[in-house]
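Quick heads-up: structures coming right below.
Next come two complexes, and both contain chain A; in the first it sits with chain B, in the second with chain C.
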Partner chain A sequence: MSAIDRVTDPLERFTQAHAARMAAAVIVSVIAFLWLPIGVLVFMSFADGGVLSFPPDELTLRWYREFLTNDAAIDAIVTTLTISIPATGITVALSTMIAYAIDRYVFPGRSWLQLLATLPIIVPLVVTGVAMVLFFKGTLGLPDYVAVVIAHVIRTIPFATLVILPTFLSFDRGLEEASKDLGADEFETFRQVTLPNVFPGVVAGGLLAFTLSFNEFVYTYFVKGSGDPTLPVYIWNQIRYNVTPEVNVISVVFLAVAVSMVLAAVSITRVELIAQR
Partner chain B sequence: MSLLRVRGLTKEFGDLVAVDDVDFDVEDGEFVSILGPSGSGKSTVLRMVAGFEEPTEGEIALDDVGIVGSPPFERDVNMVFQDLALFPHLTVGENIGYGLKQSGVPADERRERTERMLEMVRLEGYGDRTPSELSGGEQQRVALARALVNEPALVLFDEPLSSLDRKLRQHMQGELQRIQLETDTTFLYVTHDQEVALAVSDRLVVLDDGRIQQVGSVEELYEAPESRFVADFIGDVNAVEGRVTGVEDDTVVIDTGDDEVAVPRDRAEDVAVDDAVDVCVRPFQVRVESADGDADDPADADGAFSTTGIVRSRSYQGSDSQYGIETDRWGHLSAEVRSASFEVDDRVTVAWDAGDVHVYRRDGVDSPEEDGGT
Partner chain C sequence: MGESPPSAGESADGSGDGLAADGGSAPGVDGRMSGLTTYLRERPRLRTLAIAGPPYGILVFFFAIPLLAMLVVSFQADQIGGAWTLHNYTDFLTSDTYLTVVWRTFLISVQVTAIVAAVGYALAYSIVRFSRRTTLLLLLVILPFWTSYIIRMYAWINILQSDGVLDSLLDLAGLPTLGLLYTDTAVLIGFTYVWLPLAVLPFYASLTNLDGDLIEASKDLGAGPIRTFLSVTLPMTINGVVTGIVLVFIPTFGSFITPRLLGGTNNIMIGMVIENQFKSAFNWPFGAAIGMVISVVVVALLVLATRLGGGLFGTGGETA
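Take a look at the complex of A and B:
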C-alpha cells in the first residue's frame, strides 16, 4: 500500500499522482509564452509576403537588404549609439565608484546610498519619464541630447551597480595587503591587483548598461523631443503608422545585440568566479 | 642587538584593548612563535609588525630602526597570510616574482630567483600554473616562496597551516624548519595551536587577553610554566584545589582536602599562607596503581599527593594510554600511563610526587578553558 492510496480527496489524489507532469506542463507553457512570439518574429523576418500572412509563401533575406539600405533606420542606429556609448561610459564610472564606496567605506547613509542606487528599478518608468521631462527640460532647460544621456545613465546605473557590486564584495582585500607587503605602493597595488580582479565585473556591468541603453524606450520617448529618433523609438513610429516586415528585422537585430551582450557578460563573470577559487 | 625589538606595544580598538603593553625580542636566525587562544591579540601584534595596523602606543624596531609609521611596502618583512592571499590572476611564478618586480629586479634575474625558490619549496615545474590548480599544501609552499624570495630580514606567519589536515600540517612544520635553516631567515610565527608552536619554535611568546603571560624556550614553558594559564595552554595539566597552610624555608605546606603535603619551595614561589591555590601536575607524572580492593590505602608517604578513584575512560595514544579517572577527593583527573593496563570501572590509586607539581595562586588566574576539576 503506497502513501497515495490513503489520500481520499480525489483532487488531492490527482495532484499527488500527476505532480511531475503538471509541473512540466506549466514550465513548458511559461517558456512557450516567453519565447514563441520571439521565435515567430525571427521566423517572420525571413518571410516574403508581408507581416500578417502566416505561414509565409517563401523565405527571403529581402527585408534585411532593405533594412541595410534604409537611411532612416541606419540613422536611428547611429543616433542610438551616440547616446548609448557615452551613457555607458558614465554609468560604468559612477557604478564602479558607488560599488567601491559601498564595499570599502562605512559612512553615514551607506545603506541609503545602496538603496538609492538600486531603487529606481522599482519606480514606474512612466513616472520617472514624466519627472525627467519636467525637471531636465522644464526646470533646467537642458538640451535634448544631454537630457537623454542623463536619462539613460539614470536608467542603467541600478543594473550596472548590482552587477559590479558583487565583484567588489567578493574581492579579497587580503590580496591588497599581500601586494603592499611585497613592496607595491597604493597605486601599484590598485593597478596590478585590484583592477585585474574587479575588471571582469566592471566589463560585465558595462555590457549590461550598454544593452539596456541601446534598448531604452520609455525615458527616451519622453525626454527626446523632436530630434532624430533612437532605434527603439524608430520602431515604435514604424509600427504605429505602418507595419512593415522591416520591423521584424530590426527587432531581430535588437535581439541579437542584447543576447550577445548578456552572454558576453555572463561568460566574463563566470571566468572571474572560477579565477577567484 | 635583537633583530626585532617590541617595546610597550599597545593597540586599542575603541574601548577594547587588543594588545596591552607587550615587550619581546626576536634574535637573528630564531624561530619564535606567538602562541595564544583566539582573541588574545596575537594576530594584531603580527599585523602591527607588518604595518597593517598602527600601534596606539609602543615601539617596534627592526635592525635597531623604528618602523612604526612606515607603510607595509617599505618594511623589510614579508608575511605568509592565514588565507595565503595568492593572487588569483597571476601564475605561480608571477606570484613568487611579484615582490621582486616591485623592487625593480630585471626580468631575467627574477625568473632565475623564482626558479630557485620553486626548487627550494619543491615545486619545480609549477611556475606556469595558476594557484587554483594547486592543492592546499602546494599553495602553502607558493605563499612561503613568495615571502622568502625577497630575502626579508623577518618572515611573519599568520597561522597559515591551520587549514591543513593534521598529517599535512606536520609535514609542513618539518618543511618550515628545513627552509628556515637553509635560508637562514628569522621567522615569527603566530598560532593558537600549541602542537605546531612546540614542534617548530626555538622560543615561545605566550599571549592571553592582549598581555604576555610568559616568554621562553619550549622546555622552559613546559617544565616551568609561570602561571596556571601557561601550564594549561602548553600541554595538558591536572589542577587540584588547595590552600596554603604553611610556608617554610624550603617547603610550602598545602592542604588539598584531607591531608597536607609539603611541596618544594621552588615549585610554589608566589604563594603565602592562606592563599587558595591550584596544584597542577602533568598527566604523564601521575602514577596509577591497582587498588586491589583495599579501598582506603593511599600511600600516604610524605612528599606525595594521592587519592583513590575509579577509571572512567581509557584511550590509547600510541605507546601510552590515557585514563580519565574519577577520584574520590579531587574530581576528574587524567593520567598518561605506559606499561600498565586498567579497565574502565577498575578501582585504582592515583599519586604523584610533590616535586612534580606547580602551585599557582587562584585569584586573578585566567584559565583558557574550564577544567573538569571540581
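Take a look at the complex of A and C:
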C-alpha cells in the first residue's frame, strides 16, 4: 500500500498542480490536428504550379477560374443538387413524422420504428451499400436516379431524426391542449401551434440532412451506375485516377457548404443538438 | 363494447398524452357526445397509421428488406437468382488470403479505436472540466466531421506524401523525411482524423451528465486526481465510452475509402474486397457473403457492448 503510494503520490501531486495546463495543451493540440489539414486544403487551392507540390512558388486564383469553366465539375454539382434537394425534402417530412409519432403515440412497433430510424448509422455503409445495389438494382430494377434518391433518404433519416425528435420531446404539450380546448382540431393545432415551435429543430435537421446528402459517397458509389457522377464520386475518380489542381478548389466548395450549413443549423438551435452524433 | 370507458384504443392514445399533460384532458373528454367519442376512439389508430406508417414502410422496404435480400443472395451461385450454394462462405472462410485480410482489418480497427478513445476522451474531459467556452470548442470539434470524408482523406494525401507538406517542413528543418503515405501509419492517422469528432460527442455527453459533487466527494476523502478519475469518473462514464468505441470500431471495420486512398497495396482491408466484388470482379453473391461476414462481426460487437452497458440508442432521444 505505502509502496504504491510512494510511486503514485508524486504523480497525483503533479497532475493536481498541472491539470489545467495539461487540459489546455490537449484542447489546443487536438483542435490544431483537426483544423490544420483543412487549412492546408484551403491554402493549396491558391497554390500555383502543378498538383500537390509544396511549398508553392506563388499564390493564384487560376484554379478557381479553371473550376468555373470546367463543365464536368459544374455538371457534378448540378447532379448532386438534383439528388440532395429532393432527398432532403423527403427526409425532413419522414423524420418529422417519425418524431411526431414517437413523441405522441403509443403503438405496437414504436420502439422498432425508433430502432429502424437509428440503425442506418450503425450498420457499416459498405454493407448497406451492397444490400441496396442488390435489392434496388438486382431485384427491383429501379432507375439510377430513383435508387440514389432513396439511398440518400435512408442515409439522412437517422441524423435528421436525431435533431428533430428532441425538439418534439422538449416542446410544452400544454400549448396544444389549450389550442384543442379552444376548438382547433389536431391538424390545425399542428399547423398553428406545434409547427412554429418545433420549426427551428426541423430546419436544423433539414440543413444537416442536406449537408450529409451533398457529401454522400458510399451508398451513391455502390447504387449509381457510371455516368453523371455526383460531386463526391467525381472527386473520388479525380483523386484515384488523375488529380488536377481543381480538386483543391472543389475541396473548398465542400468546406464552404458544410461550414455554412452547420453554422446555420447551430445558430437556430443548440450546438448540443447538432452534436448528438 | 363502445360504451366501456377505458377502451383499448383510447387508453393507448391517452397514456401517451397523459404522460405530459396529466389530468388536464379528463373534463374535455367526458363532456363530449358519445358519438363523437366513439369516432375519436377509432380515429387514433388511423391517425397513428397515417403518421407512423409511411416512414415505417420506407425504412422497412428500402433498408431492412435490402439487408435480408443480401442474406438471401449470399447463398446463391455466381449471380442473383443462381442455384443455392454455400460456396461463397466456404470459399471465403477457407482462403488464407481473405482470413489474413479479416485479421488485419480487425487489428487496424482495434488500434484506431484505442487511439481515438484515448485522445477523444482526453479532449472531452479537458473541455468539460477545464473550459468555459464549451459551445465554441464543441463546434470546432464537430465541424470537420460534416465535411466530405473523401476531402478529409485528400487533405492527408497532401500532407503525408513524399514532397508533401509534412516532408517539406521536415526538410526545411533539416530533418529526415518520412514519406508516410501508403503505409499503415497513414491509414491510422486518416482513421483517427475522421472518427475523433464522432467519438468525442458521446464522451462529452456522459461527462456533462456526471455529477460534479461525486468528484468533489472523492477528493474530500483524500483521493488524488488520478485515483478519482480511475475510481469515479471513468466508471461513471463507461456508457459513453462504450458508445464511442462502438461508433468508431464499426465504421472502421467496414471502411474501404481510407485504406484505398492512404494505404499501400499491402494494406488491404475487408471493405476493399467487397468494393472489388462490385466494381471490378462483379461477383455480387460473393460480395454479399462478405457483407454478411462484416455484419456478423458488427452484431457480435453490439451484443458485447450492450452487455457492457453502452447506451447506443439512448443518446438520440429515448429519454421519453
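Please note the rule applied: the second predicted complex is superposed on the first by the 237 of 277 C-alpha atoms of A that agree within 3 Å, B and C clash if a C-alpha of one lies under 4 Å from a C-alpha of the other, contacts with A are read in each partner's own complex, and residues count from 1 in each chain.
The definition used in the following text is that contacts are C-beta pairs under 8 Å (C-beta built on N, C-alpha and C of every residue); 3 or more make two chains touch, one makes a residue touch a chain.
Values in this document were obtained by computation on a predicted structure and should not be read as measured data.
Peer 1: Under the stated touch criterion, which partner chain does A:V193 make contact with: chain B (first), chain C (second), both, or neither?
Peer 2: first
Peer 1: Compare chain B and chain C by how many residues of chain A each one touches, and report the one with more.
Peer 2: Result: the larger residue contact count on chain A belongs to C.
Peer 1: Once chain A of both complexes is superposed, is A:L115 in touch with chain B (first), chain C (second), both, or neither?
Peer 2: second
Peer 1: Based on the superposed arrangement, let me know which partner A:D181 touches: chain B (first), chain C (second), both, or neither?
Peer 2: It touches chain B and chain C both.
Peer 1: Can A:D48 be said to touch chain B (first), chain C (second), both, or neither?
Peer 2: So A:D48 meets neither chain B nor chain C here.
Peer 1: So which bits of chain A does chain B touch that chain C touches too?
Peer 2: Of chain A, residues 174, 177, 180-181, 274-277 contact chain B in one complex and chain C in the other.
Peer 1: Per the contact definition, I'd like the list of chain B residues that touch chain A in the complex.
Peer 2: 50-52, 71-73, 77-79, 81, 83, 85-89, 98-99, 102-103, 130, 132, 146, 150
Peer 1: Inside the complex, what are the residues of chain A that reach chain B?
Peer 2: Residues 172, 174-175, 177-185, 188, 192-193, 196-197, 274-277 of chain A touch chain B in their complex.
Peer 1: If you look only at chain A, which of its residues touch chain C in the complex?
Peer 2: That would be residues 8-9, 11-13, 15-16, 19-20, 22-24, 26-27, 30-31, 33-35, 37-38, 40-41, 44, 52-55, 94-95, 97-98, 100-107, 109-110, 113-120, 122-128, 130-136, 138-139, 150, 153-154, 157, 161-162, 165-166, 169, 173-174, 177, 180-181, 186, 208, 211-212, 215, 217-218, 222, 232, 235-236, 239-240, 247, 250-251, 254-255, 258-259, 261-262, 266, 271-272, 274-277 of chain A.
Peer 1: Could you pull out which chain C residues touch chain A in their complex?
Peer 2: Within the complex, chain C contacts chain A at residues 12-13, 15-17, 20-21, 24-25, 28, 44-45, 47-48, 51-52, 54-56, 58-60, 62-67, 69-70, 73, 80, 119, 122-123, 125-127, 129-131, 135, 137-144, 146-159, 161, 163-165, 168, 193, 196-198, 201, 204, 224-227, 246-247, 250-251, 253-257, 260-261, 271, 274-275, 278, 284, 287-288, 291, 294-295, 298, 302, 312-313, 315-320.
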